[in-house]
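The structures considered in this document are given below.
After this come two complexes, each holding chain A, first together with chain B and then together with chain C.
For the complex of A and B:
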């Protein structure tokens, strides 16, 4: 069976792009992903858009057709994949299947979100809730995503003795990585004290335990190894692409300190890639909240339950340490334009595995894992990439 | 290469389901599609949702996870595909690729839309516009989908001498077919006079040239022939699955009497299935407006340009005539719950090809074609099915 690979990858800076429509953000990464391979957008025969809520954020649906129009890609098969906050990586998986099926030669995945058209924070919060939570039994009952992650943080602290400072260390580490990434939204460093003393969003989580809104786009060109070789010497292999679920409703889970869908997707991914967690060199995980990263690292089997907080505090997850996590800066510092973020996680792994990650380069990275989640875990997607 | 088949298919009645949430509509067709094969939803490893605007209509995103939750399908890979009004058939195509790639054994496609939560017609119209048109350059400029199809009807009449009565004949024929379909929203017959004398929506189109809003769901189980054989003797083959685009903006087209994306998708489909248009026995086309069906029949090569109106008036497209079109009643009479409708088109072909279409059965139907479009043609999807 022929290898499926990523032959090109790029992203915009994640920030407030007040001057750009969603179509411009998408078109920018289509150009920056195809041009280095001397491909024209017209050569691309499949375009998969990962976008979480363009209909609500920007009053524009059918992004596939719109973005095809802007790039004259009338022969491409273009559609949008939505899976809440996991939309970006879910789109990667759909594109992977289009190549693996032999139906298409080149599948371009574009993760894109234009968020700053929605200026009011309460409206933004309610959109994120409606799209990722059970609207009827959670959002309409008054729950917010922040309040649920706050409960999960408390449960984790109680069950495992995880300390508040350990949770805050996630933000400190991801901002440090962001300071090394020219495309990151936030390049300032943070201290544990700064995180703890910032405004409380939902106790115990503060403002700096959360992500800010950002606009942005990221893209990957997925193809077969033989097609890639005609275009470039630089590509990475997609070894695994898996997706799984837990109950969307947090109240239906067995406990609050775990996210079963991450474990389920990860187990399938390790089996598909035929690797064990200890072989992974570089990791991008979902850090919509600091506690999310800690739970993710444990569900992925990279740390035992209850040990990821301590490991983070001990700097084991820095880019130059034993298990580099979110070397891009993560959603926290690189920025979090929902649908674009999952694709950007794979852009980071692509750069790391090709030794093109600059100041934050992980030494001898050969195997990378990316994980994204929707809401508190209704959907989880995992990808494992490797050098060839 | 193994055949990819539809091993089961079902739909709800398309109507106002005021008593049902979107999750209930979806769960109903999951049960009615899996139970006849003695499968449990838990046996299904991929769930592709086709939904046009659940975030806007029902304030609920990530339907994949929500519907997986309601049916305990935690191991399934579930996500939503959106391509405007073509979402249903675009979801079928994504599911087809999941099976063809070998990544999954059983892919369940669920097309679902809950529209009646949005009670006000102007709001419904603006949602349909935002999702299918170019929001910035069409909707925000004051255009509506109805006004654009009215211009297309006028252009067709001027270019080919198509008569107003011929266009109205589409509604008459589809209501006749609806009268034979127990699951159709409208089972009353119409006359040309009734269509012409009803309220003008956008001249020359009247109320009965358009579709009404409806709730509903439809589902297909897609698998390989060998897997299907383990479950049932009754299945049909997917011979072709194609998708193409025209400019979303009507103003960017060469003329107003054609929809290039339909022709593009159809040509690819005939090539993929290795058939010619004259071999097709039964057809389901997009008839969001009466004129849409006439243009679609011409773009599909089933009639020469300018001849579909006359053929419709001459009853050539009735279920017991030479080229049966929209035997289900079409969007006009069977009903049009956006994302569900494209899937329901394939449900109709499945029934026709297995000789299970009751009073509207087409004699000796062996090859069927379904076509759906988003807006005025930004996206078109075509499927060709055959008996095995």
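For the complex of A and C:
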């Protein structure tokens, strides 16, 4: 069967783009993804937008049509995929399916989010909650996503003896990686003490356990290997694309220290790609909160349950170590414009697998995995990419 | 949230009304209209106790918009006597910190004011269980 590949990828810097609208951010990455292949946006026959909450952030819906309009892509099948915080990777999966089905030749995935027009943290917390949690049975009652992950962190600490410092070391590592990535929002290094002494958001999590607001866009061109070969020598294969769910309501789950949908999506992905977790060379996981990364690494089978915190503290997840995780800086340091961030995870794997990741290049990276989650685990998406 | 939405939520939020599938003997809260296990649409309305214990909690210092008026405050996950787990805010703690395993019961309180019409949404929260004579 013909391989499905990513033939081009690009992203904007993730930051406060106060001078740019959502359409400008999207158009920028569309140009920088298609131009190197000598393609025009008009050649693209499918445009899949990954965006979490453009209606709420910027009062703009139907981004498919808007972005098609901006780039004269009137012949493209263009629409938005929304799956909460997992919107970006869910859009990648939709684009992959369009090519795999044979209905389309070139599918452009654009993850985009314009967040910083919402200036205040309470409003941002409200939108993130209502989009990703059970609005009637969690958010209305006063629970925030941060408070959910706070309880998950406490459960992980109680069950496995994970230390607070080990959880904080996720932010330290991701900021270190961010310092090596020119497109990262934060390039400053961070200490465990700094994380622990910053303001409490929801006990025991602090401001530095969470992500800051950012705008940005990221894009991938997905096509078949034979079509890609006509355009470029540099492409990576999509070996697996999977999506799964667990209860949106955290209270409905068996325990608070795991995210079943990640495990479910991961198991399907390993089977689809016919690989085992120990073969993965580079990983981009969801780190909306520091504890999210620890739980994700365990659900993906990269570490045994209860061991990811210790491994992070021991620097096993640095780019030059045994299991490089979030070499881009992750959502924490590269930045977190929701829908764009999920697509950017695959941009990072694309760069790593083509040995174009500069100072943070993982040696001999051949197989990469990206994982994203919505809320506390309502939706999880996993992709596995490989060199060809 | 619309007024119609508020009206729909009255039974679960004010009376803690759950639904039960008598074929599967399964209790659902929030209430369902169809049993996902057997497809039964004739689910029976039942009220649940509102008494349970605290499974976990967190203190929110940075709340969402609607709840800034009450911050900081505690939220938690509660397991009711019937085995149902749900989330809610904790009230009437005085100057005490909550504890895992603490016995709690339902209390009806204000959630948040909505819009300019002065409408205030109410519903369940949880407070430490008041000692009864049998205890």
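Operating definition for what follows: the second predicted complex is superposed on the first by the 388 of 388 C-alpha atoms of A that agree within 3 Å, B and C clash if a C-alpha of one lies under 4 Å from a C-alpha of the other, contacts with A are read in each partner's own complex, and residues count from 1 in each chain.
Quick note on the criterion: contacts are C-beta pairs under 8 Å (C-beta built on N, C-alpha and C of every residue); 3 or more make two chains touch, one makes a residue touch a chain.
The shown structure was predicted, so the numbers you read here are calculated from the model rather than taken from an experiment.
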Should A:154 be classified as contacting the first partner (chain B), the second (chain C), both, or neither?
second
Contacts for A:136 in the overlay, against chain B (first) and chain C (second): which applies, first, second, both or neither?
both
Once the shared chain is lined up, is A:219 touching chain B (first), chain C (second), both, or neither of them?
neither
In this superposed model, does chain C or chain B come into contact with more residues of chain A?
B
Touch test for A:261: chain B only (first), chain C only (second), both, or neither?
first
In the overlay, answer first, second, both or neither for which of chain B and chain C A:73 touches.
first
Between chain B and chain C, whom does A:249 touch in the aligned arrangement: first, second, both, or neither?
both
Tell me the contact category for A:58 with respect to chain B and chain C: first, second, both or neither.
first
So which bits of chain A does chain B touch that chain C touches too?
136, 139, 249, 252
If you look only at chain A, which of its residues touch chain C in the complex?
120-123, 125-126, 129, 136-144, 146-147, 150-151, 154-155, 199-205, 207, 249-252, 256
Contact residues on chain C for chain A in the complex?
1, 5, 9, 30, 55-68, 70, 73, 75-78, 85-89, 111-112, 121, 123-125
Please give the residue numbers of chain B that touch chain A in the complex, ascending.
21, 52-53, 55-56, 58-62, 64-66, 68-69, 73-84, 86, 90, 93-94, 96-98, 100-103, 130-132, 134-136, 139, 241-249, 252, 260-261, 264, 374-375, 378-379
